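Take a look at these structures.
Note that chain A is present in both complexes that follow, paired respectively with chain B and with chain C.
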Partner chain A sequence: MNVVIVLLALLGSVWLLAVVEGWTTTGRLSLSAPLLSGLAHLGRESIVPRTPDRLFFEAAPILFLIVAVLGVTVLPLAPTLVIADLATGALFINAALAYVLVALIMAGWGPNGAYAMIGGWRFLGQLIAYAMLIVMPITAVAMRAESLVTTVIVASQESLWNIVYQPLGFVLFFIAAMALAFRAPFDLPIAEGELGGGVDAEYTGVRRAVLRLARLTLVVTLAAATVVFYLGGWHGPLLPPWAWSLIKTLAVAVSMLLVGRYLPRIREADLMRWCWTLGIPLALVNIIIVGLLVLVVS
Partner chain B sequence: MIEVTKDLPRSADGLAMDWLEVPFGPVFSGLPGGLKLTLTLDGDGVTEGQAISLVGMVNEVEEGKEVDAETFIERLASAMPLASVSYRLLACQAIERAAGLEEDPATAQARAVALERERIASHMGWLAQLGRQFGFAWLTHRASTLQLEIRCASGKRLAELAPALQALVTRLGRTPLLKSRLKGIGILPSDATGLSGPVARADGNAGDAWGRLWQRLDEITTSLDFIKAIGEPELPVLRNIGHGSGTGEASVETPRGQAQLSLTLEHGQVKSYKLDTACRHHIGLVAQLVEGRELGDALVAVGSLDLSPWEVIS
Partner chain C sequence: MYAQAFFVAIFGLAAIGFGVWVFRTSSMVRSALALLFSQTAVGCMFLAMQTEFLGVLQIMMMATEMSIMAIFMVMFMMDPGGLGGMDMTHQKRFSIGAGVIAGGVAIAVALLADWGPVTPQAPDAAMQTRELGMELLGRSMLIFETAGITILTAMIAATAVAIPVQTLANGGDKEDSE
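On to the complex of A and B.
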């Protein structure tokens, strides 16, 4: 039952996110827009480029979607509403999301096109850098909860959310999550103005629909992870726990969409440099601060 | 491994890589339509590149196909869709001088206001293009909305839009990441010749893409002040030249730089002409600006020149 409820919640969140994305892009708020857009994709010819690596080309969108959904399995909507309450849940998310890299490299290599290939390799550098900024703040979160179990991590924030306890970790995690989801201003793998769509460029029809669905699902998954790790998960007054989880997740996901509208795309060299020379030292500082706080409090 | 890579070209770091020749344009969201940029890529770096226009006009009148002055003006204006007022003015001035007409100060002022209005609209169009290149949706939307309003705005409406334009300029100055995307990119070579317009005027200000952005933003403010001081814009219309004959030359500072036109008029018909534009010279800078740059930076450098493919005369 939990599987069905969580997947329905995920689908609903993706739907609403697609509505907001359409609203910010076209200026029209339409609940049916995602459905019409999906049908339009399905109605279009699914063109296969000349001499593709067929296995990579076909498998990449599906793998991307599976990976994005896989991350949600360890994220609780409520104390008992979680698909798999793993003992290593916090690390499982990071492990699952690492396969986004595999999916994008496949999507870049598969079509045998220059734009897509450059997009794929761009994401390789981007993810290697920013995966560290995902896992290091999670380490500090786990230190406070003294557990990697996601439900325990949420329970540890009952009196004080981690966004207050470790704000530096929140900022780093949020930025890294946006880079991992390659949302603007970190959208280098698909950069429309530089690569004409990059890894998306050669996909049309149903394959493109799956890619778009996977990308929105990934945003929701990362937003849900942000809520679990930093925004108190299901905690909140009046409303039932699952409602708080959904509201917070949608708020974070929408903020991820909106931030990019007001910023130019970051330079690739700066993206790497800031991560390795600033982000990772700050993540270490965050771990030290949280460690000291845990010692003092305990 | 040695067998596989022995004949491949070497990167700057000594690695043997496959180099790809990749076309960008003529329809590409990060570049003006009609411009075809061909880059040789070594990974994500550009080893060489060149730009050509696929829509530029030919600099001659076919033998025996002289056109009357009005038609010539319309043709020239419609051949330059990104600066039609500037080229209309250029043609009017050259023809009127060829016909021996004296300049009328009132008409010249009204025409100058129209030219400055077009300069503001053109710079807004460039900002929208910059936004598309950077995936900066807010800038694209705001600048293109203002551009559409300004193109046909009266002097009064332009005065009303002035605060919105000033707010946009202020906002760009405060936008994070923008400076790091433009600073130090597209620095002009010291031996570059034939430059004019914002590209040349920004040369004293570091001569990079960041300097060119601020040069254009300064020009928007200057043009607004000029319009405020002078009055209403008036689209250049040819005065009565009768069946005049002669040769005439004119020069106009278009939004992209100086355009010069010399023509021969016979009984009210344009027999021959010679046109020179800023973009014709600026497009030659592309090869030097992109070489050795990362792909994103190379495209920014090309974009910062504000090339209009229609104004590249062949």
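On to the complex of A and C.
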């Protein structure tokens, strides 16, 4: 039963996010726009480029969607509303989302197109920049909860949310999550202006629809992870726990879209330099501060 | 018990199958990703053997490591797409002999070694994670820290060796010295 509820919540969140995305880009608020856009994709010819690596070309969108959904399986909507409450939940979400990279490399290599390939390899470079800033803030979160279990991590924030307890970790994780979801200003793998769509460029029709769905699902998954790790998960007054989880997740997802609208695309060299010379030292400082706080408090 | 053995066997066969594919394809990217999925299957074997932390860690680490290896293979091979019909194998007789001997030794060790009594009940996953952490930060800390420093040193040394030496032989004009 939990599986159905969580997947429906995920689907609903993706739909709402698509509505907001359409609203911010076209200026029209239409609840049916994502559905019509999806149907339009399905109605279009799904072109296969000349001499592709067919296996990668076909598998990439599906793998992308699967791993984005797999990430949600360990994220609780409420104390008992979680698909798999794994003992290694905080690690599992990293493991699942590491395969976003594999999917994008396949999507880049598969179509046998220069722009797509550059986009795919660019994301590999992007991973080298953001990966540590995903893992190290989560380490500090797990240190406070003394557990990798996501429900325990949320329970540990009952008195004080992690965004207050470790604000530095939140900022780093939020930025890294946006880079993982390749939202603007970190949309280097697709980079409309310079790569003409990058990894998306050669995909049309139903395959493109799956790619778009997977990308929005990834944003929701990362927003839900941010809520679980930093924003107290299901904790909140008056409303039921699941409602708080959903409201917070949507708020974080929308904030990711909004931040991207007001910032120019970052250069890959700058991203790499800032992440390694500024981000990782700050993440280490965050771990030290949280470690001291945990020692002092306990 | 039987279900566990079944899944260990399935993932084991998948690991071997992807491992064979590594050498059956001419494309560098296919080869690297086949190795990635072979290692992922090994991670799934860990999961089937109820070692959750090791399994998840293996699955996570291999995705990034093998992808990075893929880009190096593409960079350094003359025919990364395999469109020229390049052969992935070399020194065939030697490698077949080495493979057969190594495989035989591995099977002999698996069959002949005294593995001790079978654990009737594995501790739950949370306890395993805790005990692994205690082991890594306790008795085995020196070994792992030494290994970590060694790998880091090797990485720095390899990078230093790989960077072309810039001589200032031509009156300090760097562009001519490459």
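Assorted remarks:
The rule we apply is simple: the second predicted complex is superposed on the first by the 298 of 298 C-alpha atoms of A that agree within 3 Å, B and C clash if a C-alpha of one lies under 4 Å from a C-alpha of the other, contacts with A are read in each partner's own complex, and residues count from 1 in each chain.
Here, a contact is a pair of C-beta atoms (placed from the backbone, for glycine too) under 8 Å apart; a residue touches a chain by one contact, two chains touch by 3 or more.
This one's a predicted model, so the numbers in the text were calculated from it and none came from an experiment.
Touch criterion met: A:266 reaches chain B, while chain C stays clear of it. Contacts of A:87 after superposition: chain C is touched, whereas chain B is not reached. In the superposition on chain A, contact is made by A:56 with chain C only, not with chain B. By the touch criterion defined above, A:165 lies against neither chain B nor chain C after alignment on the C-alpha atoms of chain A. By the document's definition of touching, of the two partners only chain C reaches A:109; chain B does not. Of the two partner chains placed around the shared chain by superposition, neither chain B nor chain C is touched by A:64. Applying the stated contact rule after C-alpha superposition, one finds that A:99 touches chain C and leaves chain B untouched. Contacts of A:127 after superposition: chain C is touched, whereas chain B is not reached.
Taken together, the two structures place residues 121 of chain A in contact with chain B in one case and with chain C in the other. Remark: chain B residues 20, 22, 24, 28-30, 41, 43-44, 131-139, 175-178, 180-181, 294-297, 299 touch chain A in the complex.
Taken together, the chain A residues at the contact with chain C in this complex read 51, 53, 55-56, 86-88, 91-92, 94-95, 98-99, 101-102, 105-106, 109, 112, 121, 124, 127-128, 131, 147-149. Residues 27, 29-30, 33, 36, 52-53, 56-57, 59-60, 63-64, 67-68, 70-71, 81, 83, 124-126, 128-129 of chain C are the ones that touch chain A when the two sit in their complex. Of all residues in chain A, only 24-25, 114-115, 118, 121-122, 184-185, 187-188, 191-196, 260-270 touch chain B in the complex they form.
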